Each structure stands twice: as C-alpha cells, then as structure tokens.
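Going in written order, the chains are labelled A, B, C, D and E, and every chain counts its residues from 1.
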Amino acid sequence: MNFLDTLWLIPVFPLLGAALMMMLGRHQYLDPQIENGSVGHHHHHDRGHDQDLRSKQGSRWLIGPLCSGFVLLSFLWSLGAVFAGRTEQVLFTWVAGMPFPAFDGRMVTLTADWGYLLDPLSAVMILMVTGIGFLIHVYSIAYMAHDGGLYRYFGCLNLFVFFMLVLVMANNYLLLFVGWEGVGLASYLLIGFYFKRKPASDAAIKAFLMNRIGDAGYLMALFFLLSIFGTLRFTEMQAAAHPLLPWATLLLLAAAVGKSAQIPLFTWLPDAMEGPTPVSALMHAATMVTAGVYLIVRAEPFFRLTPEVGSLTAAIGAATAVIAASIALVQHDIKKVLAYSTISQLGLMFMALGVGAYWAALFHVVTHAFFKAQLFLGAGSVIHALDGEQDLRFMGGLRHRMPQTFRTMFIGTLALAGWPGLAGFFSKDSILTSAWAASPVLFGAGLFTALLTAFYMGRLLFLTFFGAYRGDQHIHESPKRMTVPLWVLSIGSIGAGWFATPFAGWLGATPEPHSWAVMVASAVVAVAGLGIAYHFYLNRPGTADRWEEGVAPVARLLRARWYFDDFYEMVFVRGLARQGGEWLSLLDRRVVDGGVNGAGWLARKVGDLSKWSDTWIVDGAVNLTAFSVKLSSFPVRYLQTGLAQSYALLIVLSLAAMAGWYLLRSA
Amino acid sequence: MSHFYTDVDHFALLPAILLAFFGCAVFLFDFLLGERSRRWQLALVLPGLAMTGWHLWKQGQIAPFTAFHGAITIDAFGLFFNWLFLLTAALVALISYRYLEIEEEHQGEYYGLVLMAQAGAYFLAVGTELITIFVGLETMSLSFYVLVGFLRRSRRSNEAALKYLILGAFSSGILAYGFSILYGIAGSTYLSDIAMAVAARPAFDPLTVLAILTVSAGILFKISAAPFHMWAPDAYEGAPTAVTAYLAVGSKIASLALLLRLFLGPLGTAREAWEPLLILAAIASLTVGNLAAVTQTNAKRLLAYSSIAHAGYLLLGLVAGNATGLQGIAIYTGAYVFMTIGAFLVLMAVHGEEIEDLNGFARRHPGYAVPMVVFLLSLAGLPPTAGFLGKYYIFLALIESGRYVLALVGAAYVAVALFYYFRLVRSMFLLPAIEVERPQASSLGLRVALGATGLVTLGAGIYPEPFLQLAMRSLLK
Amino acid sequence: MHYVAVSLAMLLIGTAGLLTRRNIVIILMSIELILNAVNINLVAFSRHHGNAAGQVFAIFVIAVAVAEAAVGLGILLALFRNRETVQVDEVDLLKW
Amino acid sequence: MPWLTALLALPLVGLIVLLAIPGTARNAVRMWANAVLLGGLALALPLWQAFDRAASGYQFVDRMPWIPTLGAQFLLGIDGISLLLVLLTSLLGPIAALASWNAIEERTKEFYAMLLLLQFGMLGLFLSLDLLLFFVFFEVVLVPMYFLIGIWGGERRLYAAIKFFLYTLAGSVVLLLGIIALYWQGGLQLAQPTFEIAELLKLQLPLDAQRWLFWAFFVGFAIKVPMVPFHTWLPDAHTEAPTAGSVLLAGVLLKMGTYGFVRISLPLFPEAAREAAPILAVLSIVAILYGALISLMQQDWKRLVAYSSVSHMGFCTLGLAALNSNGIAGSVLQQINHGISTSLLFLLVGYIYERRHTRQIADFGGLAIGMPRFAFVFAVAVFSSAGLPLLNGFIGEFTILQGAFIVNRAWAAFAVFGIVLGAAYLLWLYQRTMLGDVRNEANRGLPDLSLREWATVLPLLLLALAIGVYPKPWFAVLERPVLDIAGRLAR
Amino acid sequence: MNLEALFFYAFTTLALGGATLAITRRSAVHAAISLMVSLLGVAGLYLLLNAEFLFVAQIILYIGGILLLFLFVIMLVNLDAGRGLRQFHQRWPLGAAVTVIAGVAFAILWSRAVLPPAQTMPDVGNVELVADTLLQDYLVPFEVVSLLLLVAVVGSVLLARKRA
C-alpha cells in the first residue's frame, strides 16, 4: 500500500481530537474554575486548590497530552507523506451542483471534490502547521494548566489544526474556502475563549466579521474563477489571460487582505490578542494569518497574468509593513508589539508577493513562523510569570530571573530584527532583493521597515529583560513544558535561514542572485535599529520620552494607531450619529455599548434606519390601509342615522342620480 | 274542473296551496287550542313542508311547463329557488321554537306567517306575470313586516318593523310604478309579451329606462343592495334573531329570483342600459356592506352589513351575464342559505347580540363555536367551504367576461370581510369570558339545524361535486 | 299623456310627504298617494291599450294598499303602546 | 398502495381520533399527537429510498376525481422538489409537537388538534398537483395557524394573528384570481378545462396573459415568502407565535411561497418570469440586506430570528430570480436549510422562554456558563444560519449566489454582503445572550437542555451537519425537476 | 275646451290639491279629509278613463275602508293631541328639493317617451270586461290576494291587540 493513500488521515487526527473533546467535554465543557470569577489569567493558586481541582476532574490532565498526541501523529504522518512524493487524492464528490454555462459558452457543472493535493507548497505549509502546532499544544499544557475550560481549549485548538490542514491540503478553491472559514471559526472561538470578558468576545466578533468581509471577496472570486475556467480544481485550471481575470485576482487579494490583516482590514489582529497567548502564537502569528500569503501563492498563475493587481498587492504590503511597524514603536503591551510586528512582517510578505517573489514570501512565512511563534510563546512565558502583566512599563530585569525565557527571546528578537546569519536575515534579504529589482520605493519601504523592526524589537527586549524590575510580582521561571518548545523553535530561528536556496529549488523557483549591497544594507539597518534601541532604552533611559516630545504630532499619530479605528468609528458611527436628534444619540450609546467596530457599526446604524422605515413606512402603509378601512367604516356607518326618512331620501336621491345619468348619457 | 282552472293549473299551484293550507291550519289550531297546541305546531309545519317538497319534486319530474296562460312557469329555475325557500323555511322553523319560548312570544301565528311568506315567495320564483309577481311579493313582504315586529314588547322590534314597513311600502310603490310602466310599454302584464315589446325598443329608450330605474330600485331594495340597503341593518338588528335569519335568506333570495326573472327575461335585451347601474350597485354594496361591518359591535348588525355585501357579490354574478355567472349565483345562493342560517343560529344559541357576548364562548360550547368558524369562513369565501365555491364561480364568470377590475374589487373585499368575520372568532376563541354564563338557547331543533347547516357548508366545500351538479342541473335545464 | 303627468305629480307629492312629514300616520297616507299614482298610470294605460289588465292590476294595488295600511297601522299601534309617540324621527334606537 | 394519500390522511385521521380523547387526559392527548406525527415521519422517510431520481415527472401519483364539473382532481404526486419539502414537513411536525410537551398547559387538546390540522394542510400543499387543491391547502393552513398564534401566543397575539391571516389572505385572493384566469385560459386551449399542473404546462400562453398571471401569482406567493415589502406580518407573527407555531411557520409555511414560485410561476409563465426576474432579484437583494440590517437592531431575541428569516428567504427568492438550474436548486436546498437552522433557533428561543419568560436580549447574558449544552447547540444553529461551510447554510447560499452570478454579477455582489451582515447580527446576538458574565441573577442556575429537548434539536443538528458535509444526495434528488424547470425557462 | 277636458282639469285639481293638502295639513284629521278629497278626484279620473268598476271600487274600498281605518287609528292614538308639535322634520327642504330634482328628471324622461299605438277598448261593459279579465287571465293573483289579505288581517290583529 502506498503511503500516500493514507494522506487523508493527516487532518483526521486533529479532527478526532476535536470531536473527542466535544464528546467527552460535554459535562465539563466549561470548567467551574472560570465560573468562580477568574478572568483567565492566573492568580496564585495554592497547591491545595489545584489538587482539589484535579481530584474532582480526574481526566483533566489527560486532555493536553491527548490532543498534542493527535497533532504529533499528524505531524509524523505528514513527514511521511512529504517524503513520499507529490500526489492528489480525491475522497468524494462534495458539492455536486447543476450545469451552467461558463464565460466561453461551454456547459460545465458546478462541482467540488473533497480532495487533497500534496505538492511542495502544501507540504511546506502542512509541516509548518503540524510542527508548530504540536509545539504550541505542548506549551499550552503547562500554560493553561490552571485555566478552566480545557476541553474547550484543546478541542478548539485541534479543530483549528484540522481546518488549517484542510485549507492547505485542499485540491480546489472551494474546499480551501472550507478551511479558510473554518480557521476563522476556530479563531473566533479561541479569541473569545475567556468569554466572560467583554473585550474578548468583542475582539472575537471583530475578527470574524473583518474576515468575513474578505470572505465575501473570496466567494465572488470563486464565481469568477468558476465561470472563467469551469472548474475550481487547482490541477485543472489552465491559467490563461481573460478579460475578467483581474477581477478574480483582485477579489482573491481582498480575501487575503482580510485573513492576513493587511490595510485596511488589519485592526482585528491587535484586538485578537485577547485570546490566550499560545493561541496568539499559533494562529495570529505563525499559521492562520499566513493563509492569505498561501492563497496568493496558490493563485500565483493568475497573479502573474494580472500585473496590475500584483502592484496593488505590493503597495498594500509596503504600506502595511511601514505603518504597522511604526505603530509597534509606541505600544506598551508586549503582545500588541508582537501583533503589530506580525502585521508588519505580513506586509513584507505581501510586498514580496506583489513583486513576484512568491518563494521569498513563502520562505519568510516559514522563518517568521519560527521566530514569531517563539517570541509569542516567550512573551507568554513572561506574562505567565508576571501573573498576567502585559505592560512593558512594569517589566524589566527579567533576564536573571527567567534565564531560559530570556535566552530564547533574545534569539527570537535577533532573528526577527534580521541579525545577520539568523533566519530572519535571510528571508528578509530575499524579499529586499526582489523588491530592489522591482522598485526602489518598495525597497526603501522594506528597508525602513527593517530598521523600525530592529528598533522596536530591541525596545521590547531591553524593556523586558534589562534594567531593573519595575513591577511587584513574585517571579519564577516557567516550567519545562513551556521552555522546551521555546528551545525547539529557536533551532528553527537560528537555522532555517540557511536553507533558502534548496527551499526555492524545491518550490521550483529561481531566487534572484544575492546582491551584496542589499545584504550589507539590511545588516546595517538591523544593527543600527538595535543600537538605537539600546541607546534609547538602556544607555540613556528617558531619551525616548524626550524624542517623543520632540515629534509630538508623530507620536500622537502612532499612539492613535494612525487613527484607523477612530476613522472607522467616526465615518461609520459618529458621522451618522451626529446628524440625528435625540433618538440617534440614544442609539449611539447603544452602539458604543455594542462594542463591535468597523463595518458592524455602520450596518447597525443603517439597520436602525431600516427598522425605523419598517415600523413607520412599510408597516405604516399596511396599518394605514387597515386604519383607513376602519376609518372609512365610520362615514359609511354614520350614513345610517336611524331615521327612516333619511333612508328614503337616499333612495330618492339615488333614483334622481341614476335618472340624471341616463339623461346625461342620451344628451 | 273548469277550463279556467285545469289540472295543470292546479298542479302548478299545488305547493303554494299546500303552504297556504298548512299556514291557515296553524292559525286555526292556534286559535282553537290556544296554549296547549304550541308544542305541536312544529309537527304541523314540518309535514306541511315535507308535502310541499314532495310536490315540488313531482313538479320537477315534468318541468318545464306553464300554467294559467303563462302566468306561472314551472321551470328548473323556479324549482331551484323553491327548494331553497323550502330549506330555509324548514331550518327557520326548527331554530325558532326554543327561541320564541325564551322571548316569551311563542305564538302560533309565527309559523303560519313563516309558511305564508314562503307561499308568497313561491310566486316570485315561478311567476311570469306582473300582477302575480306583485301580489306574491307583497304577501311575502307583509308576512315579514309582521314577523319583524313579532316581539311586540320590544321597542327595537317595533321600530325595526315600522322602518321596514315604511320603506318597504315605499319601495313597493316605486316597484308598482315601474310595473305600470312595463304595462304601458307592452299593454300586457305577461313577461313574454313585455319581453317582445322591450326588445322592439332601443336599449336606452326613455320608457325602458324609466322602467329599469323604478323596477331595479324596488328589487334592489328587497335584496338590500346599496344604495337601497339602508333599512337592512336596522331591520335585521331589531327583528327576532330567527326572523333575521329568515329575512336575510328567504326574502333576499326570493327577491333575487325576481331580479333574475325580470332582468334576464323581459329586460334582457336592455342589458346595455341596466348593466352600469347594477355594476354601481354591486360595488356600492360591497363597499358599504364590508366597510360598515368592520367597526360594528353588534353581531347581528355585523351580519346584516355583511349580507349587503353578499348582495353585491350576487349582483356581480348577474353583471357577468354569462352561464358561469348564473351558475355562480345558484351556487352562491345555495351556500348562502346554509352558512347564513348557520351563523344566525349560533348567535341564537349564544343568546346575545353584542360581539362581546361571544367572549369565551368556545371554551363553554365548542360544539357551537367550531361550526361557527366554518360558517364565518364560508361567509368570507375561504376554502374548503361552500362559500368559496360561490365566490369562485362569480370570479370565474367575471374573468371570463373580461371584467378583471370587478373581480379584483370583489377579491379585495374578501380580505376586509375576513377581518370583521374573524372578530367574532376572536371573541369566541381568543378572548376570555367577561361575565357569568348566559342562558343558552339550545334545543333539539337548533342542534339538528346546526348539524345540517354545518355539514352542508363544510361538506359542499370539501366534496362539492353533487352540489354543483344539482345547482347546474336546476339552472341550466 | 296628461294622465301620466297627473300620476307623476301624485307620485312626487306622495314622495314629498314621505320625506318631510314627521307624523307616521301621514307618512302612511303618503304611501297611499303613491299607490294611487300607480293606479292612475295603470288605468290610463289600460285605456290606451284597450284592455282591462291595467284596471285589474289597479284593483290588486288597491288591495295591497289596504293590506299595507292595515299592517302599518297595526305596527303603529304596537309602537305607540311602547313608545307613546308617532313621530318618525323619534324612532331611532337602531342606527349605525 | 396510495402512499401519498395515506401520508396526507394520517394527520387528519389522527385529528379525528384525537377529538375523541377527553380533553382532560392531557398526557394521552400529547402522546397520541406525537405518535401520529412520528408515524407520519415513519411513513414519509421511505419515500427517500423509493424515489426514482432519474425519472422525470411526478412519482407516486394518486389520482382521484374530485370536482369533475370544474375539472379539478384530487391529484397527489411528488418530484424531487416536493419530496424534500414533504420530508422537511414530516420531520418538523413531530419536532414541533414534542417541543410543545411542557409549554402548552392550557387547552392542550385544541393545541394538538390545530397542530395536526396544520400538518395536514402543509403536507397537502406540497403534495397536490392540482391547482385548485393547491389553493385549498394554501388557505387551509391559515386557520390553524391563526389559532396557534391567537390562543397560545405572546402578549400581542391578537394583533399578530389577524395580521398574519389578513396579509396572507389578501395575497391569496389575488392568487385565486390568477388560478381562475389560468384555468380559463386553459379552457380556451385544452380540450377539457383542468387545474392539473402537468396539463397546464402544455399551454401556449401569450406574453400578455403570462404577465398578468405571473403578477397575480406573485402577489400571493410574495406575501407568503415574504418578500420585501410584504414582510411586515412576519416578525409579528413569529414573535407572538408559540414555539411550535414559529417552528412550523418559519420551517414550512414560508416555503409555500417559494414552492409556489418553483412549482407554478416559473414553469408556467417562463417568458413573464424572465421579464420579471430583475425585479424579483432586486426585491430579494433588498430583502437580504434589509432583513439583516433590521435584525441588527432588534432588542427581542425572537424578533431578531424572525427578521433573519426575511434575509434568508431573500436568498431563496434570489436563487429563483436567477432562473437557472443552480439558482433554483440552491433555492430549494436553501429552503430546506432555512427550515432546519431557523427551526433550531426558534426551538432554542422557545426553550429559553419557557425558563425565563422573557425574550428581551438585554435580560440575558452569560447563559453559556450555566447552560453549556444549550450554548453549544445554539452556536451550531447560529453558524448554520450564518452560512459557515460544512454546515447546511453554506451550500445553499453558495449555489444560489453562483446561480445569481451567472445572470448578473452585481446581484451576487450585493447579496454576498448579506452573508457578512448575517454573521454580524447572529454573532452579536450570541454574544449578548450566551457570553459575558451573568448579570441577571435570574439567569443563574437555569436547567440545561432536557432529554426531550435534546430529542428535538438533535435530528436538526445532525441534518445540518449532514447536508453541509455531504450535500450531493440532495442535489441528486433535485437534479431532474430543476433541470426541467430551467429548461423551460431557457427556451 | 271640451267638457271632458274640463272634467279632467277639475278632477286633477281635486286629486292633486287634495294630495297637497293631505301632506301639508297640521292636523291629522284634516289631512285624512284632504286625502279623501284627493281620492275622490282620482276616482273621478277613473270615471273619465271609462273605468267605472274602479270608480266604484275606489270610493267603496278607499274612502269607505282605508280612510275609515286611518281615522280610527287617529282617534285611537289621539293624534290631535300632538298638533302643537313640529309637523315637518328639520331637513324637510332637503327632502323637498330631492323630490323636485327626481321629479324633473323623471318628467324629462317621460316627455321623451313614446307609447305604442293606442288600441280601442272592446265594446263590452266595463264591469263585465273587468270581471272576465280578472277571473280568466288573473285567477292566480286573485287567489293569492286572499292570502295577502289573510296575512294582513292576522298580522294587524296580532300586532295591534293588547298584550296578554
């Protein structure tokens, strides 16, 4: 039996895990812990309580390892599959719709298989998803040990892995969309994990809705592709120019922009940090957000045929990279810094996609997955140690108290900053090289981003681990189950960069020849950024504040996150709200209470208008009819005076009128 | 028998003679036996009706034929309506017994007058000569004037009778004036002669127009079509409920028979002249009847207004002027007999006239409330009830003759009608009772009548074939 | 045609009486006038057409008039016993 | 064996027997009604196996003379479209009955009698192939629904009941005129005037007649669906109806309108339908967006679900307006889907109302803490309704949108935003009711779903998942009839 | 002006004048007497029209029967006690106006009317003619009218008798 025949098993393992959690966890679906008032971050638990919990829920300890095991199985299986070769496996016909005419007039049938495609591109993603997914599962066992809702947590995590695998293994665009939406669902569930906290559920909704806007684009893209090619299967789509192809690629880009948190749909990602930190690491740094990149790489033939959309991609990517990086400069929340950094790095990847360096983008995806996951998990470790504290201003000097965490974070920071020789350096370099070939502006943006990246990462590192501790918590190093994954990831952070050429070869791409100038520039920028950060935050603490005063407007702009959220709020909410009178302001309160940003706001505002029109206009018309029927009843009734003579009068009058009519007619 | 009065003549007259005979018998027995006889009067009335029916059936075997030189024509048309009169009278007799006892006006004359009214109506259906028709009409009307005022101690009954009489006599006068013009046109009172004379004139001949005006005013009054409807709500409300039922059904369809006889017979060639008039009357009836009913608080009055609206639908059938329209009228009237009497008899069982009196009725007497829903649905014209078939045919006739707007108007008023009919349902089923139990006027006769009307109303809706065959055969032979 | 004019005038006078008087007895009289108008018509046409049908009709109309008057006055008496009035516009319990 | 006749007669026979049970024996009444409806389901399910998917035309035809004078027959039969709707009806009937077990304490016997009558009417409508019979059943359902809302409904039940009745009736009288006019047209062309749909399909109707007829039927069906701007009866009726009423109203009654379009309007008046399609599509899109936007503003849980129905039914009519095979197939499937997911939502609202006696969203919050199973089921219902892939809603919406896209790209583009908005109001609802902390002490310690309640939701959950994961058999059933209809429309 | 015309105008004046007085007199008794005058005028017209039988019937039936009935009732309900009351209701001008309008319309219609050619009466005595016609051609109404009168008698007795 060919090992590849068992390809379908890869996503099945985590699905099994998820299903198992759902079944078993029915009774402890939500653990009592969470009900007792914890908001998810840990207070000091005395052992007794912990023991108590354990004895009450005997199987609790099993959850994490079980789920991790499923993902590990998946990982091992995919290793086997990847080395067995490339293949396509169709399990069954999933959607089997009706025939319809394609644009070229042929009758084709709307079908989509449930089938998997294993090629280098998906192989890379599968390995990354299962590998990093496994590490994060392991890490979570310890990180979440004191949290309630473990069944739910690990169930959702497994569900996420399942959907992510469906996404990257799908052999057609429709099945890909299943994974695409599925990871959105998992993301919703996990961001809102601490569902008693309003910000968490708000953030979850926001993430889901902003993604949905992209998804709407995806759906439309699907229809275009279907009509152009008559099929959605990757291997059957023969890329050829078509006047409507730009629409398809543009819509695909919109979908990718949503999923990968690019301008203008990026504001959900920082909010998504409301989820547990491992979730941030897994989904909002390493895997899910790169689905956009994956999609564009998958759709590479179409993007190649539509250079104008490519340029737009690059522009969006560059702008996102610079803007997000600049916002990261002033963030105080350690996870927010990393979140903006993620957006910024995703921007770089989009820039690479836009200039046609698909392999470079993918390469950066891989390296970024290593060091960003590592950084998030490290941050998680810090947060864990500080019992939920996330503000950089109350950290400092942790390097001695948490040596393992410090070392791995240090490696990760350097890798992200692009320290020569580490993973980030090489992947970023590939992008910059391609950008240089395409346009100096893009190159400049990339380089500037690199500078900013090095700076804010340096800032993060120095503020967290150097100097004196500014908080008041009892600090302890995290357990092995948390630090070991960190170390495993740092292997990747250090070494992954050296495989650039074989990686490109595997994908069948020819990388741009290395340009020493770019390399040097990139290295210089990285070192400079770190150096400035050192100067600002370690050497001369307070410099930063002075600088901020010096460029106050800029700082304000950055603090306000370039006013994106405010812009959405202003345009969609206040702009309309101010016009209305009192009821609108009442509504405003309701809207503000509602807590959902962005399009949702506008929708609800318009929704209120529609409700109003429904009550007063549509229903009003109906009620008016009913009312006028009733009203007209009265005149008819009041003709009936009760006086016999007025009845007779009407008879005579009618006779007169009728006679008059006949006279007029004959006249 | 002399040659003035042949066997055929006798045979043609026999049902009316029987009715008159039994009517007189009732008067006589009441006079001779007094109080004691009253329980047995029903036993006199029903056999009388049964014998009448027997003879109607025998007439049906050899119909059509004419008697008295054409003064009476026994044809399918006349027999059909006479069967309806017979059913109506029987049902009314059945439901009246206990009701009159409760009202403490249980007098023998009542049943006699019911039979006399039917005897008068007999001539409206079969009469083909103006004087016969006029005298028949007046016999019926006079009986009704008395019946409406039958509750002598009730001011409302007095008042209703008075208004009905004044206006009825006035309209009879106008009708008689119209008849005199018809006589002037033809020099004869036989409809066949008049038909020829009218046909010889143009449709808009002034004399014809005058005749049409006055005749239609007189008859439209009797079928309570707007704008000659004003007496109806008052008379219906004030009359004893059983009489209201009889008035709403018997008087109306008898006058309808006359309307059809005249307008399809002698005046048929002047259709061009009277059609707009009837269209106006139909629309006005629909409008007035339906709209005024919407806000009524008295159930009898509500049904009175609705009966005005029904007159409108019947007129639409005549306006359509094709065979389907006639079938529609036949089926509509057939259904109308059962559903209207059914609705009134439930009101009698409630023994209350205000809609509020019905509150919570369904909880206490579901056996009456559920049939009432059927009657009301049928009155509104919803399937699967007999009333639907009538409306169906009327609409079909209108569409066949290209009168789409009229069909739409008629259809639109169905919704309005349902609204007020369902106010009664709302009271019975959805609202809680507001007071202690009222005396309930149930009796064996009432229950039998309820069963009969309910079964026919629903049964004819679910499996209408036999009813349609019946109506079709009776009218199209 | 003269008789027809008389008839019409009679009809109108009767109608006017019916429409304007309050006294029910006089209203009933007005109805008699209307029926008389009919009779004039009938008899006039009877002569015009040279047959007696109109006259026969008139006889029946007279009979009807008698009957209506009798019943009308009977109702009037019943009403009078209950209400002590013969003014038609005071009889308006039933309306709307 | 007259299978369909038996299926149709069962609730009626059950009703007659039920009337013989004394009203005081409440449990006997309940058990009997449930048994009858379950029996109906058992009778209906084998149809799925026995149905020949390859055959064109109607199957299991039962033909009896009914009113030969009019040319109306008692003619029952199904094709793939009605098969699905009959199965849905047969499933939702017992579910609605079971869901009402504890909810209806007053006038229990009448309640179940109405339920059985309603079931009879609904099945009859989907089974009948004779227009007059169709119309009779179209009206028959109104009465029991009126009573269901009016007797066992919420505070404004009187208003809602009559509004529902009048609205639908107003539409149906126009529908009746259309049927009559069609019959008449048939009488002019056919040897024998008839109401049989299959015979009427042979007519060659002039375009002008088609137009009039199409719009007459449109009024009747559009009100039933309901399409904007005829939709305002729906929120009131839904909100005030008892749970069983809402379930059947949303699950089945609304489909009568769309079914009417598929069965009558589109195949019979293809040219007029082609002309009217843009109007239909625009109205549908308005309904999709409008319904969704209004849902966003609702403060009442049940009303929100009701308005969401407007939006979802908008998708169904949009699919029809596309006039092609994918649009129509998607529309039919979406009707089923809407029946499943919205019924689920209504059931859950009903269950929470039984516990808390309020439906104001503001009164809730944090229910997930005490009622995790409820929260789980509700989440599935929400995502199914929001059209998440692998659940039923997505398949239908996707197919509909694809069908619409083929005709006009703008239609699809506008409608796609309905999906975004759908997620918005549903998730927001979920957040406000299920998530957060318990703010209102009354919400603490509410019992989770009982076994009986599970029994009502589980079939729907499984069906939602089954359709989402493997929709192929559903399309297979629809293929023949939908292609036939699309073929007529394309000609 | 011939004699017949003279008589015609005389009787017409009597009939219409009496009618006008009947509906305008304040006293019900006066009105009844005016009605009698009017009916006499009509009877005269019958005579002019060669309807001798009707002339007699009019005088006996109407003046002897109906008018007596009216007078009897007028006494019974003591109508003259109400002489002081308003005799016309408030909206009487409206009633009069409508009557006039209807009258004008009818008159115009009549003025355009064309009757069929006149025929001559058969040359037999009027009473004989009427009797023949009545009992040969109109036997049915003759029988039915007995029912009518029976109903009238029973009805008026029923309504008018003092309650038990």
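Odds and ends about this structure:
As a convention for this text, contacts are C-beta pairs under 8 Å (C-beta built on N, C-alpha and C of every residue); 3 or more make two chains touch, one makes a residue touch a chain.
It should be emphasised that the depicted structure is a prediction, and the values quoted were computed from it without experimental measurement.
Steps from subunit C to subunit E, taking the shortest chain of touch contacts, total 1.
Ranked by C-beta contact pairs, the top interface belongs to chains C-E.
The most central chain, judged by the distance from its Cα centroid to the centroid of all protein Cα atoms shown, is D.
Separation between the centroids of subunit C and subunit D, computed from CA atoms only, is 64 Å.
Between subunit D and subunit E the centroid-to-centroid distance comes to 71 Å (mean Cα coordinates, whole Å). Taking each chain's centre as the average of its CA atoms, subunit A and subunit D sit 36 Å apart. Remark: subunit B and subunit D have CA centroids separated by 43 Å (rounded to whole angstrom). Contacts with at least two other chains are made by residues 14-15, 18-20, 28, 45, 48-51, 53, 56, 60, 63-64, 67-68, 71, 74-76, 78, 81, 88-89, 91-95 of subunit C. Counting only residues that touch two or more partner chains, subunit B has 131, 134-135, 138, 142, 145-146, 149, 152-153, 161-163, 166, 170, 174, 184, 187, 206, 209-210, 233-234, 419. Within subunit A, the positions touching two or more other chains are listed as 626, 637, 640, 642-646, 648-649, 652-653, 655, 659, 662, 666. Taken together, the chains touch in the following pairs: A-B, A-C, A-D, A-E, B-C, B-D, B-E, C-E. The touching residues of subunit B, counted against subunit C in their complex, run 130-131, 134-135, 138, 142, 145-146, 149, 152-156, 158-163, 165-166, 169-170, 172-174, 176-177, 179-181, 183-184, 187-189, 233-234, 237-238. Residue ranges on subunit B touching subunit D, taken from their complex, read 363, 373, 377, 382-384, 392, 395-396, 399-400, 404, 407-408, 411-412, 414-415, 418-419, 422, 425-426, 429-431, 463-465, 468-469, 472. Those residues of subunit E that touch subunit B in the complex are listed here as 106, 109-110, 112-116, 119, 135-141, 143-145, 147-148, 150-152, 154-155, 158-159, 163.
By the touch rule above, subunit D contacts subunit B in their complex via residues 65-70, 107, 135-136, 139-140, 142-143, 146-147, 150-151, 157-158, 161-162, 165-166, 169-170, 173-174, 176-177, 180-181, 183-184, 212. On subunit A, the positions that touch subunit D within their shared complex are 22, 26, 29-30, 34-35, 92-101, 110, 174, 177-178, 181-182, 185, 188, 192, 195-198, 201-202, 204-205, 208-209, 212-213, 215-216, 219-220, 222-223, 226-227, 594, 596, 599-600, 603-604, 606-611, 614, 618-619, 621-622, 626.
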